[in-house]
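Right after this note come the structures.
Both of the next two complexes hold subunit A, though its partner changes from subunit B to subunit C.
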Partner chain A sequence: MNATTLLLTATGTLGLAIFGLLAGLWFMGIDRVLAARMQARIGPPIRQPFIDMAKLMVKQNVVPANAIPWLFNGAPLLALASAITILLYIPMAALPGLPVLNLHGDLVLIMYLLLIPGLAMVAGGLSSGSPYATIGAQREMVTMIAYELPLASTIIAFAWKLAQLDVATPFSLASVAATPIWTLVGPVGFMGLLLLLATMILVAPGELGRIPFDAPEAETEIAGGLLVEYSGRNLALFSLSLAVKTIVVTALIVGLFFPWNFTDIVAITCCPFLAAGANILFFLLKLFVVLFFSVTLIRISVARFRITQVVDVYWKVLGALSIVGLILVMVDARI
Partner chain B sequence: MKTIEVKKPSAYTTQIGPAHPALKEPVMFTLDIEGEQIKKVDFVPGMAHRGIEWMGMRRNCIQVLYLAERICGICGITHSISFARAVEQIAQIQVPNRAHYIRAIVGELERIHSHLLWAGVAAHELGFDSAFYMAWRCRENVLDLLEYLTGNRIHYAMIQIGGVRRDIVPDQFPHIEESMKFFEEAYDKLAAVFLDDTTVQMRCRDCGVLTYDEARQLCPVGPTARASGIKKDVRIDHPYAAYADLEIDYMTPDVLTGEVRGDVYDRIITRLLEVKQSVDLVRQLISMLPDGPLLAIPKPAVLLAKLKGAAGEAVGRHEAPRGEVMHYVRLEAGKDEPVAWKVKASSYSNYLSWIPMMEGAQIADIPIIAASIDPCISCTDRVALVRQDTREVLTKEELHRLSVEKTRRIQASLAK
Partner chain C sequence: MKLSQTLGKSLWAFLFNSGSCNGCEIESVACATPRYDIERFGMKVVGSPRHADVLLISGPVTRKMAPRLRRVYEQMPEPRIVVCVGTCGTSGGAFYDSYTLVGPVDQVVPVDMYVPGCPPRPEAIIDGVVKVLARLEAKENAAS
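Up next is the complex of A and B:
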């Protein structure tokens, strides 16, 4: 790696980090307003998450007496850093130079990276020395194990389909983005993909710890669970990592299922900046639609599951759904 | 032969409360848990003692009436009706019929508001905030109606010893009927959300079961008892106010589903059915509202003088939204203030049902099970033993010894 690429990578990383934080907080604000409106409330201003962050940053950062300080303080940093790292692997709006680390990782890596913010929260929770956080950490681990099966089956379906087409790197998200999967399958495969899309839409709230899969944090049960002892700057870092993770998860669904750009639909030839701008706006719109259906709409319309029910839903219902989807995609290739 | 000992995993002890988001008022649960399962549960109440009986025993009976209303923020009329009924029995005051009806109307409106408040809290405990906002939005309607009729959203100050302080006039009937129509429609909406929603069923069906036999042993009251299939309701068993005139039946869950399971879901059904029943009762009461005076003794000074002359003891009961409330009052001639005033709130009878409900449940079920009996902790807490900085808990034997001592003391004072 020479100096130029290093500089470009560094700039790209910084830019993406800022984009992830700002867009994530902004989307969380939109989510809160929309949820409020659907519950016939006025809701907070859209900039509320920014106000919250500003306030948390200046508040006292309490480290409990029986916590393990280096782990307790390190976990939020690790969560945020790993969330930002995933952004570097996800193609966005056909922008040149993105994904920043295009050649260094694929979907399998993303799957593993997606676990790290959760693991950081588990480490932070266990090191905080609170019984509620311990219960929360156990639940978080169980949730991660639970949603892995549907997530993995979906990713396998994509890679298998691309491998069929002799794509050089079937597990690469860039290859998925270059060849929209819906165009590769017939009616049976289309049904299979719809099932996989439904699965991913329901995996997202689990990844993001939102209702009905928020057992690890369950406010009314274990008082915030993993995060119960966190305050001030550390809590802000966890919130920021959740914001970035929101972008990551929705962008992953968009990248897998809706890779089209605005310029693919309406050709803009007059001005490259206009085309790029339109693509970015279109990308944000896609993120918003996915966020609305997978987070906002679900979290206002159901009650929280018990942790045993989380596992049941992810393994029995969604696991079956995604495997049926995978089989349908495979059957489709034989027809 | 050497037997192989299998060491069982030891239970993990953890606490929920006294201050915890699952609990709206302070009570402490000590849980032995294995993983997510609750093996053993114990609870300690007594963190919200306010010494309200002590205050009452230093005030005259009319003042106590308003103090009694403030025992509970939700079921205010419950305590003032119970206290007034006790005092009326001692002083032998005949309450006019119209006042009986108005008491029952306000009592039923209060039941609607209390049950809707509970429905909201229960939904919030389940993490279902949309239903919480919906229930509380419906509740606003009845609070507005109560304000229209009594002048206050809560703490209505409607009751006076020997009657009521405000009339409900025919001009107000259309407004009441409008509200009752609203609640008929609201019942359908709430039933759709609370009874038909899959996630609510997943969380509440067969969760926190109190069987019929356990309920017989623990003697819970109100919706907690009725949800376990026990037909028990002060309004029917010992009618007071205008209830003897009404068409009223026990609201057990089998009215709707045909079976009684005694779980949290059944408690939701019972309360929703009671909202519907209250709407019906208010309509009956309005249609039969008799003419006549509101107060047996309109002048407070005359009333106070009569009460000062009264002596004796009595128990006043009322079916609060949470179940039977009981006030024991003893008056002595020549004294303005009651010599004894003992309040038994409905949650006091329901507390012990927590134990069979929680054992075997999961940690996730604690909030909804705790909420399912609709506990009113500050209403219930009558005593707290604090010596310097340490709290004390009395055992059954000590309590028995203390009560025997007190009985002897009272006997001695009566013999004098």
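Up next is the complex of A and C:
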């Protein structure tokens, strides 16, 4: 790696980090306003998450006497850093130079990286020395194990389809984005893909720890669970990592299922900047639609699952659903 | 950056029942319903005292709850605001001479604002929190 690519990578990382934080907080504000409107409330201003972060940053940062300080303070940093790292592997809006680490990772790596913010929260929870946080940490581990199965079978379906078409790098998200999966299958495979899309829409709230899969943080039962002892700056860092992760998970669903760009639908030939701008706006719109259906709508419609029900839903219902989807995609290739 | 600028627009409250009849809790929780909607002002109810800016205490303090109330107060990160909701917490109310009581809330933790009423209406609780914020701001201005 020479100096120019190193500089470009560093700039790209910084830019993506800023984009991830701002867009993530903005989307969280939109989510809160929409949730309020659905409950016939007026709701907070859209910039509310920014105000919350500013407040948390200047509040006192308590480290409990029982905690292990280096782990307790390190876990939020690790969560935020790993969430930003995943952004480097996700293609966005066909922008040149994205993903920043194009040649170094694929869907399997993204799957593993998605675990790290959760694991950081588990480490932070266990190191805070509170029984509530310990319960929350155990539940978070169980949730992570639970949503791996449907997530993995969805990704296998994509990679299998691309490998069958002799694409050179079937596990790369860039090749998925280059060939929209819906155009590769017949009617049976289309049904399978719909099942896989439904699975991913329901995996997203589990990844993000939102209702109905927020048993690890259940604030009415275990007082905030993993985050019970966190305050001030550390709590802000965890919220920021959740904001970035919101962008990551929705961008992953968009990248897998809706990779079309605005310029694919309406050709803009006059100037490249206009095309790029239209693509970025269209990408944000796609993120918003996915966020609305997988986070806002679901969390307003249903109550929280118990942790046993979380495992049941992810393994029995969504596991079965995603495997049926995978089989349908495979059957489609035979007929 | 002055804390009161952001604190005023993002108050997170923790409800603490130190021996109340649940009347004040019902009115406090009613503040979050569509009719009163405290989220308009950025306020929300949190599940842990570590996340909280405001401690809403209802009820007279019983002997069992006094050390717990003290502990919860100490667990809150600075700056912390204590609002005492209801007549019982303010003065002991109907139970003022009960043998099970340590006393009103201010015998155990320092109180910034009292909201009287049995139970007070949700508007009164919101008003109390807003008034204590104004006081906090005045104190900050005097210090700087």
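The rule is short, and it goes like this: the second predicted complex is superposed on the first by the 335 of 335 C-alpha atoms of A that agree within 3 Å, B and C clash if a C-alpha of one lies under 4 Å from a C-alpha of the other, contacts with A are read in each partner's own complex, and residues count from 1 in each chain.
What we mean here is this: a contact is a pair of C-beta atoms (placed from the backbone, for glycine too) under 8 Å apart; a residue touches a chain by one contact, two chains touch by 3 or more.
Quantities reported herein were computed from a predicted structural model and do not represent experimental measurements.
Touch criterion met: A:D52 reaches subunit C, while subunit B stays clear of it. Judged by the touch definition given at the top, the superposed model places A:E219 against both subunit B and subunit C. Once the two complexes are laid over each other on the shared chain, residue contacts for A:N61 go to subunit C alone; subunit B is not touched.
Of the two partner chains placed by superposition, only subunit C is touched by A:V228; subunit B is not. In the superposed model, A:P131 lies in contact with subunit B only, and not with subunit C. In the superposed pair of complexes, A:I211 makes contact with subunit B only, with no contact to subunit C. Of the two partner chains placed by the overlay, subunit B and subunit C both lie in contact with A:Q39.
When both complexes are overlaid on chain A, the residue A:F305 reaches subunit B alone and has no touch with subunit C. Judged by the document's definition of touching, subunit A residues 39-41, 218-220, 223-224 lie at the interface with subunit B and also at the interface with subunit C. For subunit B in complex with subunit A, the touching residues are 12, 14-15, 20-22, 35-36, 123-131, 133-134, 137, 197-200, 202-203, 362-367.
On the side of subunit A, the complex with subunit B involves touching residues 38-41, 131, 135, 138-139, 211-212, 214-215, 218-224, 300-309. On subunit C, the positions that touch subunit A within their shared complex are 1, 3, 6-7, 9-10, 34, 37, 39-42, 46-48, 50-51, 53, 75, 77-79. Every residue of subunit A that touches subunit C in the complex is listed here, in rising order: 32, 36, 39-45, 48, 51-52, 54-55, 58-62, 132, 218-220, 223-224, 227-232, 235.
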